[in-house]
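For clarity, chains are labelled A, B, C and D in written order, and residue numbers in each chain start from 1.
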């Protein structure tokens, strides 16, 4: 292996830059040439590919976003698109790929590898933490801390006015962010897609809570089956039916995708990036480099995409017990 | 003067606790007894009033929210409500009042003073900065910095995906927060209630900008006459009519009300709180203690409520020039 | 088991309050009475012990420090001291103990348990992360992020002036903090007690680095065998012997012990606190409740104290490779 | 005027980049060519000067440090050095200069202007806030907030252990940072160069305070006439002479120079940068563009350097009164 390329794809996540840096520097350390593809698979197709050097990644480890930009590519879903991409890589002599992203990114990478055989390793870059084969994904810790800081601020104002706040966090299919910032934020309830939300119980508990506590925080994952935070608030409000009580909604939105990555995300991103390059050099391919039980581990793209990582059981109990 | 009471009212603002602390300790320093009224005018009516000591305000200077809580009071708008409030204060021998809040708070304080004559001084506690008689209001600096940190995070993800972001900040009647975090956040446009928003110009500029810049940030004050950020985004999107471009909205909401106050807000709150108590001791009343041109100044409630504080002219020019 | 007591001891760590909250609420959830001992073992001896309720721990999950205070106790090292402590607990009917702290705390708890037999479980509360039997200790993640934010700030000024900065972080016997914030901060070198520091190599590398990089960051654990950051800087400065180069030292100090805990520390603290109480109810004793490979695990005090937890091997390689 | 140059000099300050951005974009807006000089006066002498465009300053408004780097220049103190600098500027046709820095920077700029006549305007970039002719200097607000966040963290651990903490902040000749973060941090004492520090009074008060408060924070400006924080702590410790009390010192150091600038600093930097360029276009020279009483004002270099800006009198009273 002599030349590798790296790109980011899908929703951006804090720590992607730290991962790019690790890929570039590990590659150079081992004598490889390294290229950066801008705009993900779209850039691969259009040949938006440039040589990277050690200084290309100076002073980016602490930055949110991705210097290689990201995009969704419809064209790469077609055979013709992938053929163009292959020709671009072939013309540059690229014989190894590191793909930083989530499920969608790995699905594309798997198909492309199986069609054209350029060894490819993924790094788990997504705030959602919903990828099998790694304890945590790059960006998750930062997103949770960003959401938690917002909850801390909202609790100040909730307490000052005795309000009930519904806070919507990211997570279309998974409740990881909601659960961790719910525990950390001392939320009374957390509503996630993985478990059935029992609004009757919530209403009953809120009525009871109000005797001992003046304000309440409810964290809602955007993908909860009862609806988004606005909808759920309206349902609860109607059932509580108390004019003295104020109900408010805050949807945290895209602030969860940005910001300087936390220490944990920078370390994870660095480890995955180094492991991806060294994995390629050791003959690994068609897999993701993650961290499992604290150690680097390679998991086939097939498993990463196909298997699900359940929420910790004791996490849900924690919320129930600690909000009394 | 022997006994004074302090309360917070209206929307809470970071720094209110620092102001309460200053009132309590300055009062004790000068040999006064000091009482805290919980839940604003409602608590005054119901007699929710407790003696405060130096240690009652220990370790609160850095906390958002208000330990005295806040509420809107319909009852205080009635003559009967105010009579009850007066009887409560009279029974405790309260002969001075410090009211921390905004326009609504001062309106109530002015009426109450004119009816019952208990000397009252206000402190400007509101994130909106829309009070005449003080350069800045307590909480404004924190709210702007909170909004700015959110914009910094959003810019990361906006740049990664080449998106146009509409960010809604607080400000129903005033654009102070929008303008300061727009300048600080390097926004392309800021839309505020004080000036007419020219959407045609925005659309034209965005089309031009897109040649040189890949992403754009537009800050919208919630009270802009063209609507909230969702509405404005839809209007602009329709006019730009470009399928390749992604438009996103983030409404920052109540995170702007909470959080640890900044240094500036803690200092301002401390100065206003001390000045309010010392003003009472010096015979001032029916006025607000603010900071004008860097020095403490007392402004009559009538002026605080009746006069408007215009946006700085050079601030609007700054945004136009610096976003090229 | 009917009544348990909880205390914090040793150096304070962010997340201790979240752990106290979890202990108190889990105990109440399971029908136990719970008591808080102030000032650690000293408070146990002097009977500084109070009943705690659910609201006693409201609104503390996000606060640094410990509401139960901490202290070192010489008296508890004596048989007489421990006898007094036992009599205090006996008189209140305490039949279970949760001890939050580090090595020293657990050493005391082990002796006390073996002498008097009150079931005791520990929770790992220390920023140093040097306790066997848990992946991470409560406070470590916060301390690393605090140090990292400081390094990010220092890198700004180091780059502006082309300076070489030696940054000293906490860690008398262990290099965990140094290694993680070294990786996250993009440090050129990290010096830790666990490995021999080769100053000749550092000097050589710094001379080489200076051709490609203008500024450098070196992270020093306070317990490095070559001395503290001041000493090491002087040694390096003499050997580099270049008048054009500025060498600076920053010792981060006690800021690493305080601050709002991160999400990770709050979740870890909550899990350990709940596991400690439920462990007591399930007959566990003389052990610590930690989290190993992501799941709650109980490890005997003997192992926690006696065994060492080595630094991750790939972490040290990361620093070497990624700083090229 | 057709071509202007901009540089930063002296100690770096957060917000310098925002100021550079404002200078560059305002110049371009008005049809000027603009050049950036790297490494301050040294770069002027050696001709380290490059054309800047609008995109040269994209995405820097939020960054600490200075993209133009900074340095002290011995050579510029000589007539020969300044002659070289002039020839460099002349050869490029530079006919206007914006100098961002503090006293030393303006002293050099004044001499250079008087010798060679290239119109020059300064912007006040220094964390110390000790420049006459502007309410605040660029970087001061950020430095104060950084110091304050550190004090907040230290208070957590001080309270947990009942310790007395001496915290040293920057300020060799001025106590602005110490005073503002002392008020904001609820310090018991603040020691600054401008006023005589009465250690006897401090010792007496600390002994009294210890009856009602368990921990204390004392903020020391590095230039206090009684010495740095280490020295003062030792003097106080000896006089208090209480073995039960722990005294600790934290020297915040260079973290105060870095970090993302606050909203206030970004707005101030933007205003000063725009005013400097527009001042040059309007025929101003040999002066600094600052903000006085909220409005842009030009003050001659002679006054900026020669006059002193005293500490606010009520600030010192605040600390005395509010720490009871």
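Keep this in mind: a residue touches a chain if its C-beta (ideal position, glycine included) is under 8 Å from a C-beta of that chain, and two chains touch if they have at least 3 such contacts.
Not measured: the values here are computed from a predicted model.
K.L.:
What is the chain whose Cα centroid lies farthest from the Cα centroid of chain C?
P.N.:
Following the centroid criterion, the farthest chain would be B.
K.L.:
Based only on mean CA positions, could you tell me how far chain B sits from chain C in angstrom?
P.N.:
About 39 Å separates the centre of chain B from that of chain C.
K.L.:
So what's the Cα centroid distance for chain A and chain B, whole Å?
P.N.:
Inter-chain centre distance comes to 35 Å.
K.L.:
Would you kindly tell me how far, in whole Å, the mean C-alpha position of chain D lies from that of chain B?
P.N.:
Once rounded, the distance between the two centres reads 28 Å.
K.L.:
Can you pull out the residues of chain C that are in contact with at least two other chains?
P.N.:
152, 155, 159
K.L.:
What topology does the chain touch graph have (line, ring, star, complete, other)?
P.N.:
Contact map by chain: ring.
K.L.:
What are all the chain pairs that meet the touch criterion?
P.N.:
Every pair of chains meeting the touch criterion: A-B, A-C, B-D, C-D.
K.L.:
Provide the residue numbers of chain B that touch chain A in the complex, in ascending order.
P.N.:
Chain B residues touching chain A: 8, 12, 14, 16, 63-66, 69-71, 146, 150, 152-162, 165, 248-255, 257-259.
K.L.:
Which part of chain A faces chain C closely enough to touch in the complex?
P.N.:
Touching chain C: residues 18, 21-22, 25-26, 28-29, 54-55, 58-59, 61-62, 135, 141, 144-145, 148, 152, 155, 159, 180-181, 183-186, 212-213, 260, 262-264, 266-267, 270-271, 274-275, 293-294, 296, 312, 314-315, 317-318, 321-324 of chain A.
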